[in-house]
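Paired with subunit B in one complex and with subunit C in the other, subunit A is shared by the two complexes that follow.
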Partner chain A sequence: MEQHTVSRTKEFLHHIRRNRKVKAGLALFAAILALAIVGPLFTPYGPLEPTGEAGRPPSLEHPLGTNTFTYDVYAQTVYGLRSSLLIGFLGGLIATVIGILIGLAAGYMGGLVDEFLMMLTNIFLVIPTLALLIVIAAYIEYRGIMIESLIIGLTSWPWTARAVRAQTLSLKNREFVLVARMSGASGLRIMVGEILPNMFSYAIMVFILQFGGAILYAVGLDFLGLGPTKGISLGLILQQAVLWNAIQLGMWWWAIPPGLIIALLLASLYTINTGMDEVLNPRLRRLE
Partner chain B sequence: MTRGVWNLCANILELRGVTKVFKTGLTGKPVVAVDKVSFALREGEILSLLGESGSGKSTIARMILRFLKPTQGSIIYRGKDVWRLQGREVLEYYQEVQGIFQDPYSSFNPIHRVEHHLKQALRSLADGKKNFDEDNVIREAMERVGLNPQNVMGKYPHELSGGQLQRLSIARALLARPRLLVADEPVSMLDASTRVDLLNILAELRDEERMTIILIGHDLSLAYYISDTVVVLYRGSVMESGHVDEVLMRPKHPYTRLLLDSVPQLDKKWEHRMGLENGDQDYDELSKGCKFAPRCPKRFDKCEETPPLLTLGSRRVSCWLYADRQS
Partner chain C sequence: MGLLSYIVRKTGIYLLTFFVAVTLNWAIPRLMPGDPIGVLLSRFATLPESSEVVYSYFMRSFGFDRPLWEQYLDFWRALFNGDLGVSIYMYPQKVEDIVLQALPYDLVLIVPAVVVSWIIGNWLGAVAATSRRLDNLLMPLFYFLTSSPYFWMAIVLAWLLTVVFPLFPSSGAYSPGMVPSLSTAFIIDFIKHWTLPFLSLLLVMLGGWAIGMRNLIIYELESNYSRYMEALGAGRRLILSYAFRNAMLPQITGLALQIGLAVAGAITTEIVFSYPGLGFLMLQAIQNQDYFLMQGAFLVIVVMVLVANFVIDLIYAAIDPRIRSAYAGEA
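Take a look at the complex of A and B:
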C-alpha cells in the first residue's frame, strides 16, 4: 500500500532534482539561511555593541568594517538577516493562511458568505497598504519583530484570497466534490478534505511569494523609520546608512552588503517559485 | 421500505414543469437548458432520458441530485419537494437517492485512495449499523459490482481503469442502499464489453431490489436493451415519452423517428438520414413554436405555435400532427 505514496514523492523529488531553477534557488537560499544561523558565531560583537572604532573599512577584525556609531557591520548584517527571515516567514505564513481560509470559505459557501468575504477582501485590496502600515506602525509605541510580521501578514492576504476563491470555484463543481456531497460529507469536510489538498502545490507557491513579499514590505517599513523600535534588521541598517550618508562618506561596506543580501534573498525565492511552477505543472516541464 | 420522512406514493419521483435557465454574465442571453419538463417514475422502473448533447438531460440529473436548483417547477420525491429539504433531511435524501456520473476518472478525488470515497459514504449514509467491519462491508460492495477487492484496495484512482472506476462509482452509490439511482451516461466512456456488464449490474439491481433507475444517455439501442420507459428530449423539452416498445418501435414524433433513423444498421447503407441540413439553425428565432420545427421534415403552419404535450394511449407526444387524434 505504502509504495504508491512513496513513488509519488519520489516522482516529485525527481522533478525537483532535474529542475535547475529550483536547485539554484534552493542552494542560494540555503546559503543565506546558513549565514543567518551560523554567521553570528564568527563575531564576538553583538549587533548593537559599540566596538570603539568608528567608520573603519573591512578588516580581519571587522569583516565588513564598522559604521559611524562604531557598530560592527558584519554583526549587524547577520543578526539583521535573522530577524528579516523571521519576519518574512511569519508574515508570509499569516498572509497565506488567512488568504487560503477566506478564499476557500468564500468560494465554497457562496451566497452571502461569499459577498461579505469578498467585500472585505476588496476593501483590504483598495486600502493603500503602505499608508495603512505607516499609520498602524506609528500608533504602536513598542514595535517588535512579532508585531511587524503580524501587521504585514494581516494586510497582504487579499490577493491570495481572491486567487484561492477562483480555484475553489472551479474545483467545487468537479464531479468528485459532487460525489462527496452525495456521500453525505459536510461542507467543512469537503473544503478541508477534498478541495484544499488539491490546492497544495498552489499553497506552496503562494507561501514562497508571500515570504518574499513580507521581507520586502518589512524592509520598506524599516527604511521609513517604522521598523522595530528595538533590535536590528536589514532594513534598519540600510535606513541608518542612508541617513548618515554612508555612500557619500565612502563607507560602502555599510550600505552595500545588507542591500545585496536582500536582493539575493528575494532572487532566490523568486527563482524557487518559477522553478516549482515547472515542477508542479507538467505542461511547463521542459524535456531535457 | 421507507425510511425517515418519506411517504409511500404511486410515483417514487415526479418532475412537475421543471425549468432551468442559465444566465451568462450580465449582458449575455439567458439559456433555457430545461424547459417545463414533466415526467414521473414508478418504483422499480428503469427510465431512460434520451437526447443529443445539449438537450438538457444532464441538467435534469443534476437537479434531481440537488446540485442545481430549478428556476421553476418542482421535483417531488415520495411526496416531498426535493428542494425544500432542510438539514438532516438532505442526508436522508441521499440515503434514498444516489447518482453516478459519466466520467469515472473525475468522479474520484485524485489525491485519495479509492476506498476513501467508499468509507465516506459508508460513515455518513449507512444507517442503523454501528458495529460493522468497515473493510468487510467495502469488500462486499466491491465484489457485488464484479471487482476483486485485492486488485483495487489501497490504490489511487489513476492506477485503475475506467471500467474499474465506474464499477467503484456504482459500489459507492450502493453503500447507502438507495431506492433511486440516477445514472448520468454511466457507460458512454467505457468500451463495449464493459458497457453490457455494467448495464447488467443495473438491471440486476432493479430485479433483485426493485431499485428505481434513471438512465441518461444517447444510445438508443442501450436504452431499448434495459429500460421500461423512455423520455426523448430535444433542446430542453420533452418530445415524446412512454413505454420503450411504443416509443422506440412505433415512434410518433418526427424527432424520435430521426433519432431512430440515425442509428447505424448493418443491413442499410448510410444514405437516408433526414432533416440534418438544418441542424445548426440558430436557436434564438425558435423561441416561439415547436423547437424541432426547423429540422422537421413534416412541419406545417401550426408549428409556429408551441405544441401541447398530447396523450396518445400510454404515450405522450409533443407534436401538432397528432392534435386531432388525442385520446
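Take a look at the complex of A and C:
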C-alpha cells in the first residue's frame, strides 16, 4: 500500500512540475507572498501611523499615496495583505479539515450517518454563507483575526464535504481498501490510513480553493465593518475608502490597488488549482 | 407522477433548510458570549412608547425569564404573523415593511445579472474552447474577473464611469428629486442608476460561467460519443454543438450554487453605490446595531435563495429527461 501511494505521488509531482498553469500560478502567488513578507521593509511607516500628508497621490515617498487620514496606503496594503493571508490560511484550513472529516465519515460509513451528514451539508450549502457570517459576526463584540478565521472555517465547509464524500465513495471499494478490511483494520484506520492518503493531492486542491474562499469572505466581512476590531486588513482599507468617498474625491490609489492585489492573489490560487486539476484529470488537458 | 415526487422531495429539503435558518436566527443571539439580548432590549427601553413594542410575540420571544422552548415557540408564532420585530434605526417602522421595500431592488439587480452573465459567459466559454489561440487570450481574463471581489469591481467601475468618464450617477436607485412612477423620465433615470451595480455583478459572474463552460466542453470533446462522431466523419461544428448541449446541464446545477454567491456579491456591491437593496440595509443595520433589522434581512435573503433554488430545480427537471425517468422508475 505504501509503495502504491508513493509511486502515485511521485508521478503526480512529476506532472505538476511541468504544468504551465501550476508554474504561472505559483510564480504569481510567490510574488504576492514575498510582498507580504518583505514589503513592510520598504516603508518607514506603520499601517496606522500618521504621515502628516493627507490625500497625496502616489510618489517616491508614498508609492501608493496617502489617504484622508494621512496614512500611507502602501504600508496599509502590505500589512493588510499579511492579515488577509493569515485569515485565508487559517479559515481555509479549518474549512478543509471539517469538510474532509464529514465527507470521509459520510462516504465511508454510509447508511444513517451518511443520510444525516449529507442532509446537514445540503442545508448549509443552500444558506448563503456571507449572510450567515454577517449575523454571527455582528453579535461578537471583540473580533480578532482568530475569531474571524474560525467563523469563516465553521461556515464554509459544505461543498468540500460533498466533494470528499464523492471521492470516498469511489475509493472505498478499491482492492487495497478491501484488503485492509479483510485484515481486520478498524473503520477509523481505513479512513485515515488508507483512503485519506489516496486523496492527498485532491485535499491540497480543496485547500487551495478554501484558502481563496476564506480570503474573499474575510474581505467581504471587513468591508461591511464586521472585520477585526483592531489592526488592518485589505478589506478594512476598502471599507474606509468607500466610507470616506475615496472614489468621488479622485483618490483612486486608496481604493483600487488593495483590491487589485486580492484579485491577483485569488487568480493565482485558481490557476494553480486548475493546473492541478489538469494533471489529475488528463481529459481536461488540451490536445490539439 | 415522477415529476411530482421529485418536487415533493425538493420542497421537503427546502422546508427543512428554512426551519434550520429560522432556528439559527433564533439561536445565534443566545449562543454568543456577553449579553447581546440585554443590550438589545435596553436599546428599546430608551425609545418612546416602548411598552407597546415589548408586548408583541416577537419581543416576547426574547426572554423575560421564560423557558427557552416558550421563547422559541413565540419566535415561530411571530414569524407566522409576519412579525419580524421593530427597527431601532428606523423606529417605529416594522422590520417586515422595511425589508420588503428593499427586496425589489435586489431582485432587479440579481436576476438579470445572473441570467445575462449565464448566457454570455456560456457563449464565451464555448468560443474559448473552440480554438487554442482564443483560449490562451480569454482564459486569463476570465480568471481575473472571477477572482475579483464583487465590490472591488464596483469600485473600479465607479471610478471609471462616474469620475474619469462621468457617464453614470454614483449613488442611489434614482435621482433625489424623482418620484417613482412609470413615466419615461423616471425609467431612464432608474436604468442609469441600475447600470453600474448590474455591470459589476455581471462582469464577475461572467468569468466563472465562461471557465466552467470551457472546461466542460473540453471534457465532453474527449468523451466516447465525441470520438465516435469524429470517427463517423462528423464536422467539428456538429460535434461541438453536441458537447455544448451536454455541458449545459452541469451549468444549470451550477446556477443553484451560484445564487448564494450572487446574493453575497449584491450585498457588498449595493454598498458601493448606496443602492437601497437588502445589502445596503444590512450595512445600516450593522452600523446602528439594529439587530432585528439585520436578522430580518437575513431571513428574507434565505427565503429568496430557497425560492431561486426551487425554480432552478424545476428548470432542471424540465430539461433533463433522466430526472423524470429516474423518479418515474421509483414510483
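Convention: the second predicted complex is superposed on the first by the 265 of 288 C-alpha atoms of A that agree within 3 Å, B and C clash if a C-alpha of one lies under 4 Å from a C-alpha of the other, contacts with A are read in each partner's own complex, and residues count from 1 in each chain.
The criterion applied here is as follows: contacts are C-beta pairs under 8 Å (C-beta built on N, C-alpha and C of every residue); 3 or more make two chains touch, one makes a residue touch a chain.
A quick note: this is a predicted structure, and the numbers were derived from the prediction, not measured.
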Name the contact category of A:Gly250: first (subunit B only), second (subunit C only), both, or neither. second
If we overlay the two complexes on their shared chain A, which of subunit B and subunit C does A:Leu132 touch? Say first, second, both or neither. second
Quick check for you: in the superposed arrangement, does A:Pro197 touch first (subunit B), second (subunit C), both or neither? first
If you tally the residues of subunit A touched by each partner, is the higher count for subunit B or for subunit C? C
Examine A:Val179 and indicate which partner it touches, taking first as subunit B and second as subunit C; both and neither are also allowed. first
From the superposed pair, tell me which subunit A residues show up as contacts to subunit B and also as contacts to subunit C. none
Subunit C contact footprint on subunit A (complex, rising order): 119, 122-123, 125-132, 134-136, 138-141, 159, 212, 216, 219-220, 223-226, 238, 241-242, 247-248, 250, 252, 255-256, 259-260, 262-267, 269-271, 274, 281, 283-284, 286-288
Within their complex, state which residues of subunit A touch subunit B. 1, 4, 173-185, 189, 194, 197-198
Applying the document's contact rule, which stretches of subunit C touch subunit A when the two form their complex? 13-14, 16-17, 20-21, 24-25, 28-29, 32-34, 36, 132, 135, 140, 143-144, 146-149, 151-152, 155-156, 158-159, 162-163, 170, 211, 215, 218-219, 222-223, 257, 259-261, 263-264, 267-268, 271-272, 282-283, 285-287, 289, 291, 294-295, 297-298, 301-302, 305-306, 309
Could you pull out which subunit B residues touch subunit A in their complex? 62, 65-67, 91, 94-95, 98-99, 101, 103, 106-113, 117, 120-121, 123-125, 154-156, 159, 169, 172-173, 176
